[in-house]
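Chain nomenclature is as follows: A, B, C and D, assigned in order of appearance, with residue numbering initiated at 1 for each chain independently.
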Amino acid sequence: DAPFALIAGPCQLESLDHARMLAERIAEAAEANRTKWIFKASYDKANRSSLSGKRGLGMDEGLRILSTIGKEFGVPVLTDVHSPDQCAPVAEVVDVLQIPAFLCRQTDLLLAAGETGKAINVKKGQFLAPWDMKNVADKLASTGNEKIMLCERGTSFGYNTLVSDFRALPEMAATGWPVVFDATHSVQQPGGQGTSTGGRREFVEPLARAALAVGCAAIFMETHEDPDNAPSDGPNTVPIEAMNHVLHGLRAIDDLTKGRTEALAHMFA
Amino acid sequence: DAPFALIAGPCQLESLDHARMLAERIAEAAEANRTKWIFKASYDKANRSSLSGKRGLGMDEGLRILSTIGKEFGVPVLTDVHSPDQCAPVAEVVDVLQIPAFLCRQTDLLLAAGETGKAINVKKGQFLAPWDMKNVADKLASTGNEKIMLCERGTSFGYNTLVSDFRALPEMAATGWPVVFDATHSVQQPGGQGTSTGGRREFVEPLARAALAVGCAAIFMETHEDPDNAPSDGPNTVPIEAMNHVLHGLRAIDDLTKGRTEALAHMFA
Amino acid sequence: DAPFALIAGPCQLESLDHARMLAERIAEAAEANRTKWIFKASYDKANRSSLSGKRGLGMDEGLRILSTIGKEFGVPVLTDVHSPDQCAPVAEVVDVLQIPAFLCRQTDLLLAAGETGKAINVKKGQFLAPWDMKNVADKLASTGNEKIMLCERGTSFGYNTLVSDFRALPEMAATGWPVVFDATHSVQQPGGQGTSTGGRREFVEPLARAALAVGCAAIFMETHEDPDNAPSDGPNTVPIEAMNHVLHGLRAIDDLTKGRTEALAHMFA
Amino acid sequence: DAPFALIAGPCQLESLDHARMLAERIAEAAEANRTKWIFKASYDKANRSSLSGKRGLGMDEGLRILSTIGKEFGVPVLTDVHSPDQCAPVAEVVDVLQIPAFLCRQTDLLLAAGETGKAINVKKGQFLAPWDMKNVADKLASTGNEKIMLCERGTSFGYNTLVSDFRALPEMAATGWPVVFDATHSVQQPGGQGTSTGGRREFVEPLARAALAVGCAAIFMETHEDPDNAPSDGPNTVPIEAMNHVLHGLRAIDDLTKGRTEALAHMFA
């Protein structure tokens, strides 16, 4: 029942300067709201809707930037991995390896990630029920790794839409692992723009509030100084100028939520 | 942006004494938490899963009890109507007519309810999108009635399950009408027990918290002193002994939420 | 395992002449393809998406037309009922009472319909699982009525879309009652046009074929001479000029399907 | 509008003798029903629900068996690939590379598969709309590969269930690429058995019939001599003893369907 942590950063790395600029502003907002944070960014977008989507800077350049940001700001850094062979080199630099939702059932990727000993944030596939994540966590835990986080990021709901089922948070928490709510990807409209994925960024903040009112260990939010021109996931990205304001509200809800659960549990048993 | 109101009571009326007992305990909890409340109960469950489900006391007896409760406690009372001819007699007694979700597209029922001039709480059909409720509200408003509430109570999600999409709250609020979150029926598992509807009452409180963190005008919660033996909707009913505790948490979240919205709106535009 | 029957006609009655014109053309197509048929039309569209949708001719005029068509063509006629009090007068004229999908759980309507002794075609609610229809049929059968048909017409799938789950046909047939596939409403996109319901009429024929390949007792298809200008459900209406061609294909599939089931059942047990 | 092809075989390879035994029986059924067929089997199940699920024989042994079967029976062979580096070695042996549904958006895998020049069968992700497959096919086609097949295998529908939307067949065919219906995986109930995936094999045959009544280029069906004891996907596997009987029915429907479409298209325009 520690206060929630923030996982934030740009959807994809653009340059060291750009990462540093965003990290500075996230750090300011986090400090102002007494919130621990993790810098998040991707070096490769391996599953864009269409071939014309920008993929990113690549692993070598990406890891250099993540390493620099981690050291300069004294924060943990997180990035996603897409194949078993990426896990070891990425783990040399980052603190948290993230398993993408589409890949959350790929056994070899989970085992390779688990074996690095680093923390793992595994996203729940859009095609999985919350309780199915126990099997996913068990694959990771079979490596002896005990730093596992389960991340809700929306479930398929008809075509080109996701829905956030907030019952998933307590369901996944029942596994015993901490639960992350990804407020950015939960508001995606996959394929909703023909050759790219749409979204409704005005829902990021309310859904993050909802997640903390229900209770979770961390909030994942992508951010950018100019969402409309971000190279990916712009439609569902929090403008960096709003970060302090958003965090302030989230902090207050989290403070209310933590610790309340015990008292009620027996009444609803 | 007034504080949220509570709509609470038993799923179905059992007797005047039973209604009075529950009303007393709701009143205590509401007063302790400075919350306006409306007494809710049904005199007829017209769409039980199967014929063996109990239907209730009937309209005459039911209205007598509702009238008594309203007077004794000085609170508005709410009940649901199932056909156009019920609207006028029910409106003589109750303050809020409720349109059941399955019936939310029945034009004659909506017009008859609207024409009573009483407040109307219309539940969003499990088969409707949030934006489809504009047409429903327009039918009501065509009668000149301006006391309309739109109520989220879950959307069909595969078979025998509902999901609460919290984007629905701001979507429906965009119509200009106040939005109610029905935390009881949202956690139903329709048909999930063969000849009756199941549910997960432990999710009522977290989902109500989520709704207030997103923002809404009222919370609807059914309650009973012995949910496991309630004649209907027991699996998703709040035990009356938990009401004060639940309300206390909801009140705190609502206090945080109201008024925040303006400041953020322009940042996400 | 009798050959499939056709339930066809306009979505809503426009005039006696119009009904007669369509009935003549359906009769021709049905005769050419050795298919028993039932004339279907509604006298009141009681649940239009919005108030501006046309409701129809009303019960008195509607029943006069249905009666005339039944006699002139020597075919059974079907129409839908929306409240318990409509059942007896409608049953004096028509051969099959139809329960709309939204109303399939309304106990009083089901009982009143059942008590007429007429055949009943009850549509599966968009919010129900196929196996939930057993409870619905049991309500009807409690009246002693043994002429019950269960009708698949699509299930809610995200927002503004229905999906036809063809597993529903054998699931509902397992109740012992004959199963109808409504190929018109299955391709609706509810609310998909803002204030009216959209649809994709080009899918009516392939889905009807699919239903008969799986196996069912009747196909329900609305038809019109000018679907683009029909007063309701035009987007998913079969042009009458295509009826003979469509029926010819359906007949051939049905001939293949009937009787095959026994042989396979034990292999998949 | 060629007659449909059959893609059949065991879910996972068990031994050369086992593969040969099944291939013999598939060949008999296919020949008896004048049906071209492709032998399908997996050498590695890379995304089992849980770690305890059997993974298979591995690539080297698997490719040896597939190569032998292809030569002995003179049929094309198909297997699935899970990472870019598997594509070239697998393509030396097999005729069709299959992209698993979870991986259908992984750009590098699609490009590596496309570049082999071999035919590609790409499964539609359970999280994608049919029209989203155009972007997937475009990734493949960007390599110059023109032997692309798009495969329907069910879409997420609530939790632990898939639904087959038969509108997806014409939707995907509108891309111009041939469409395969996977009747085995469409009836999966993912995670439906706790640590493994359930299914309802009695629906394989009716859904395959439905697919051919709507129209498609190939049917994919896994088969086994003892489904209840198959190492994977047993609950949705066709018993090999039923293959001839099933194929006979499918052949007849396909014969009716092919060639009908042109005549109707203009009537529904």
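Here is the rule we go by: a contact is a pair of C-beta atoms (placed from the backbone, for glycine too) under 8 Å apart; a residue touches a chain by one contact, two chains touch by 3 or more.
Please read these numbers as outputs of a predicted model, since none were measured by experiment.
Novice: Note the connected groups of chains, using the touch definition above, after excluding chain B.
Specialist: Result with chain B masked: one piece.
Novice: For chain A and chain C, which third chains touch each of them?
Specialist: B, D
Novice: Considering only mean CA positions as chain centres, point out the chain farthest from chain C.
Specialist: The chain lying farthest from chain C is A.
Novice: So, what's the distance in Å between the C-alpha centres of chain D and chain C?
Specialist: 35
Novice: So how far apart, in whole Å, are chain B and chain C when each is placed at the average of its C-alpha atoms?
Specialist: 33
Novice: Quick one: report the Å distance separating chain B from chain D, using the average Cα coordinate of each chain.
Specialist: Centre separation, chain B to chain D: 48 Å.
Novice: Using the touch rule from the top of the page, what residues of chain C touch 2 or more other chains?
Specialist: Within chain C, the residues that touch at least two other chains are 155, 157, 159.
Novice: Thinking of each chain as a vertex joined to the chains it touches, would you call that graph a line, ring, star, complete, or other?
Specialist: Shape = complete; every chain linked to every other.
Novice: Would you mind writing out the residues of chain B in touch with chain C in their complex?
Specialist: My answer: residues 46-51, 55, 82-84, 102-103, 105-108, 125-132, 135, 138-139, 142, 155-156, 159-160, 190-191, 195.
Novice: Report the residues of chain A in contact with chain C in the complex, numbered from low to high.
Specialist: Result: residues 157-159, 161 of chain A touch chain C.
Novice: Can you check the complex and tell me which residues of chain B touch chain A?
Specialist: Result: residues 155, 157, 163-167, 169-170, 187, 200-207, 209-215, 238-239, 241-242, 245-246, 249, 252-253, 256-257, 260, 263-265, 267-269 of chain B touch chain A.
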